[in-house]
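Structure below; questions to follow.
Order of writing sets the chain letters: A, B, C, D and E. Residues in each chain are counted from 1.
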Amino acid sequence: MKYEEWSKISRIASKKSLWILHFCTGCGAIEMPPVMTSRFDMERFGMAPMATPRQADVLLITGYLTVKTLKRVIQVYEQMQDPKYVVAFGSCPINGGMYWDSYNTINQLDKYLPVDLYLAGCMPRPEGIINAMMELMEMIEKGEARGWEKYRKNYEKYKKNQEMAFKFGKVEE
Amino acid sequence: MKMKEYELFIGPQHPGITGNMMYHLWVDGDTVVKAECNVGYLHRGFEKLMESRTWMQNIPLVCRICVPDPDVNEMAYSMAVERLMGWREEVPERARYIRTVVLELSRIAAYLMGIGSYAGALGIYTLPQWALGDRDYIMDIFEQLTGARIYHIYIWPGGVRWDMPADLPKLIEKTMKYLEKRLKLYDDVFFKNRIFFDRAVDIGVIPKEKAIEWGVTGPNLRASGHEYDVRRLEPYAAYENIDFDVIHYPELGKFDVLSSGGDAYTRMLVRRLEIEQSISIIRQALKKMPSGEHLLKHPNWFKWEVPPGIAYERVESSKGEYGYMVVSDGGKKPVRVHVRGPSYTHGINVAETILKGANIADVSQILFSLDICPPDIER
Amino acid sequence: MKAKEIIGRGEEVHGRLYVKVEKQEVRELIKTLKENKFQHFVMLSCIDWIDDGEFELVYHLWSYEYREHVMISTRIKREGEEMESLHDLFPQIETYEREIKEMYGVNFIGNERLTPFFLEGWPHMPPMRKDFDSKKFIKDVFESIPPVEDEDEGI
Amino acid sequence: MVTVVSGLINVLIIAIYATVAMMIGILFMGIGRKIVARVHNRVGPPIYQGFIDIAKLILKKTNITHGWIYDLALLFSITGIVLTILFLPIGGVKLLSTEGDAFLVLYLLAIPALGFALGAGASGNPNSAIGVMRALVMMLSYELPFVISMVALMIYYDTTSIAEIVASQYGKWAILIPPFAISAAVADMALQGMLMEAPFDIPIAPHEIASGPMAEFGGKHLGSLMIYKAGTIVAYTTLFVDLFLGGGVVMKGGIVADVVNFIVWFILIFLVFTLSLLINTSFPRFRIEQAFKFYWKYEAVLAIIALVWVYWMVIS
Amino acid sequence: MSVIKPLKAWKHLLKRPHTIRYPYQEHVDMEGKRLPTEVLRGFHSNDLEKCIGCKMCGMICMNDAISYEEIPELEVEKGKKIRPIIDYGRCCYCGLCTEVCPTGSLKLTPNFKLIDVDREKFRFMPTQLNVKRDDYMVDENAILFSPEEYKEKVKGNK
């Protein structure tokens, strides 16, 4: 069994059983319960909410991120085990959304975490979330979801950006 | 032999926490000795943003504060602006009834989510699946009425944005009948369940005499025995000519009173019975709804100046008393908008006092029974 | 207005009793109101009147029996004036004071829990004050952080 | 030479025996999630979801370990479970069941739980420390009624070998005899505790202590933990079926009888597992001291009543 | 306070679950009406001929989501040649721009499906998309209601 077949099987296996971390980081988390429960039931795709980062594969950034949450999100992201994926919901992670001029929210999630997939909608609908998950599955199967490798390679750059955000820019200002 | 106290973080990433906040517990064996709340994970500085937006631009911003129950914000903000503009009596009658229907539908959706997550904290995963699945039918109603599932941007100062379509009352009536049938099943499976009684009675008690002083409002206050409801104390929308009774501690309808009140058991039953009240309110409102205009004429949105003054309006949300203080100096933008989220007192002072002496297993149950919504606290 | 008889002064603004008092009388007023059935402390707000150079602290009280709302408002200087803490009357005042200390920089004497509340490690001036320009803050803090490009795109 | 070959064949049979049992366990996890989903009024995952989950976990790239105790503890529990399965006759096929293995199985019940606790303890997460304490208290509480009901069985059939009990139940299942109906109910509640299904899933409560001992397990460790869970499903339901439902022995005779017995055994453990799952869907979770009181007060009394009744029947 | 009553939950085993198998089955509400309805506030659609480039929508939008771009080859009798470009990394789908648009050319369509890896794809100029319900929706002839037309439709049945 050459390496390609083996990694293909592991990709198909991880595609069919994506475990999502139970962490509502922003206001988009209100559209997760309908997807997780009986009306849309994401478990038929093998997806299940997991309590701890160790067991999770997918980290959902549902909406805006304040600096305080960003610290916890990065801790949780680093605890998750590779291969891990980040999906960003709504307009806030793309370019700041409605809180673009708020002093406490970060505008572009891309500067701090490698994002595998963006999803439009100021609070995407459950159908949108399921579309995004199906898209993520196809990307995993084709091997394009390489966010975690990007994080490993540019680790110092990400860390520098995160530090600047945590200190709210230059301290002496 | 005093066990070494160790600290436990019910952190922002934890299924047993309602939303995005953190409790720092000092634990001795199995009981909590001291609890400290750490919030601020969802602080977007709403009030700072509102000061840099005109009166009409604030409406889409305002409804994003409390996520499970968004219409309450739009209503309170719109009432405050109407009060300042002097439109309080001129709001069309039909708009008042549509607002009542929207608020009650939003309350049922928030209660279903509250009951579902509480039952999940107790360990029965059937009820969250049912409750949140049935909540989705109400989201379908909102989508056809307002054009969006969660953030409706539908209640404007002076009325409602669009009129209610003709075929919607039929759909609302059908959904209400469906919900009533489902509520009977919830009672059999959870509310009359022996283990719910074992786990929830006399847990996290808010004593009746201390409840008002701690600033407890809403279902938690009514569960402690006070018969106070903002819809009855300061009627708004169309609540004067709709009769509903305020559920509070001693009268729990068909459920037997098993505790001294103010505990998690009574709080959940008050929420459960208020769903039935909301269903009957919606039916009466739909029956009595007159025809007519649904929105007052707005001045030009770019040059809209609200006369100076300070106004405070309160609305009964599913979490408690939701208040908006709006201060205007006659300019195009509000000088100050201060939001009184009901979970401000429930989440910090009340939770820290009643978590003392609780068992670790009951910490998440108490927090869910208080139905704390963290964006209320830090806006 | 029943509250007007109890206090004796204040004018009715939009259906609420609005009372302007000096800084020292606030504790006295709230205590009398608390005895006469105004037991529900609604909230404590702080309004920044930057042109008059003052903060306005508004204490909101509500009585369930009379169904009336009283706003007790005092004015304190924007720079360096302190207010005494009233958290012994109502426990939740302590949290409101924490928030106002962090957002406006008003120091409350006697409140020992004025630790940072919402913002962790905030080095700049309190953000809710009107002279804090958040758009400029965004430009030089968040915009100046460079995006992370990948040197070799296709791996 | 012959003994070596037959020895090897024996080892091969035992290996197949254990893997088949594990595969059935993983299949049951998939079917179980489907049944629970149906009660939740939703569709639920495909039947083979258990296999996919374990495959995904084992093929994870990184693997975070907290020292060698943390790694070996899992092997400790998997061997314990496989050993328990080997000592239990499946469908009448008696593998290692000898005299006095009833007590051995009781002892083997404790090993996997200890291995599980060892691993969780080594992971250093406060949540899993609490979870370990709860798991041990749970084990202590459901052992007592289960042991009493087993003693009642042993007195009635005056043997200590499970294979004997299965054989002597050929015509008449033990559950049909009045006193054993009570001890079967007691054993079923204890089974609920062993499988960690609600209302006794206190150690792995996600809402209270972030899935307790399993908080730190991820990747390959979690995969082996799921195999251990699949093993427990088969082992404990087989134990219950062997003791009270005649171990699925319906026909005697050659290969055809073995196949029929195997099918009957499969159906019986499926029914017992489904019953425990359905109880799981309709009850919230006990607190740990309530569960302890439930087992030691109500269950133990019932078990003693059945024991006394059996003893009186045996004397007269 | 009973132990037998909760077992009533088991009768769901015989019933068909009310889950919507979404990508393979339409999202339908209780009365069989297909969702999302025409009223849903999704992506914009702008009739480039009717639009006069008056920048009113840009002024009302508090998220600065709308910027403008010159289209030289547009022949237009009155108004400027600039057309709005909407950045869906800022837009909150509130619809205030459609309420303010004097000529009524800017409308909100029920289309919501936009998923991509690259951030830039979320910023585009909404043209008069003959909004084909995206491929997950079966119904091709999407009736396109703007809030004003919707009001007429509703006013009819007062």
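Going forward, contacts are C-beta pairs under 8 Å (C-beta built on N, C-alpha and C of every residue); 3 or more make two chains touch, one makes a residue touch a chain.
For clarity, every value in this text was computed on a predicted model and none was experimentally measured.
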Contacting chain C as well as chain E are chains A, B
Contact steps required, at the very least, to link chain D with chain E come to 1
At the largest C-alpha centroid distance from chain C we find chain D
Rounded to the nearest Å, the gap separating the Cα centres of chain A and chain B is 29
The distance between the C-alpha centres of chain B and chain C, rounded to whole Å, is 23
Dist(centroid_CA(chain C), centroid_CA(chain D)) in Å evaluates to 60
Dist(centroid_CA(chain A), centroid_CA(chain D)) in Å evaluates to 38
Touching at least 2 other chains, the residues of chain D are 37, 39-43, 206, 210, 281-283
Among chain E residues, those touching two or more other chains are 6, 9, 17-19, 21, 36, 62, 92-93
Where chain B touches two or more other chains simultaneously, the residues are 14-15, 40, 43, 45, 48, 52, 60-61, 126, 129-130, 133, 151, 189-190, 193
Touching pairs here come out as A-B, A-C, A-D, A-E, B-C, B-D, B-E, D-E
Interface with chain A, chain B side, in the complex: residues 11-15, 19-20, 40-45, 48-49, 52, 60-61, 64, 67-68, 113, 116, 128-130, 132-133, 135-136, 139, 149-151, 375
So, in the complex, the side of chain B touching chain C is made of residues 39-40, 43, 45, 47-48, 51-52, 83-84, 212-215, 217, 226, 228, 233-234, 309-312, 314, 321, 323, 325, 327, 335-336, 338, 340, 344-345, 348-349, 353, 378
Note: in the complex, chain E contacts chain B through residues 1-3, 5-6, 8-9, 18-19, 29-31, 33, 35-37, 39-41, 59-60, 62, 92-96, 100, 108, 147, 150-151, 154-155, 157-158
In their shared complex, chain E is touched by residues of chain D numbered 35, 37-43, 278, 281-283
The chain D residues in contact with chain B across the complex are 36, 39-42, 126-127, 130, 198-199, 201-202, 205-210, 281-288, 290
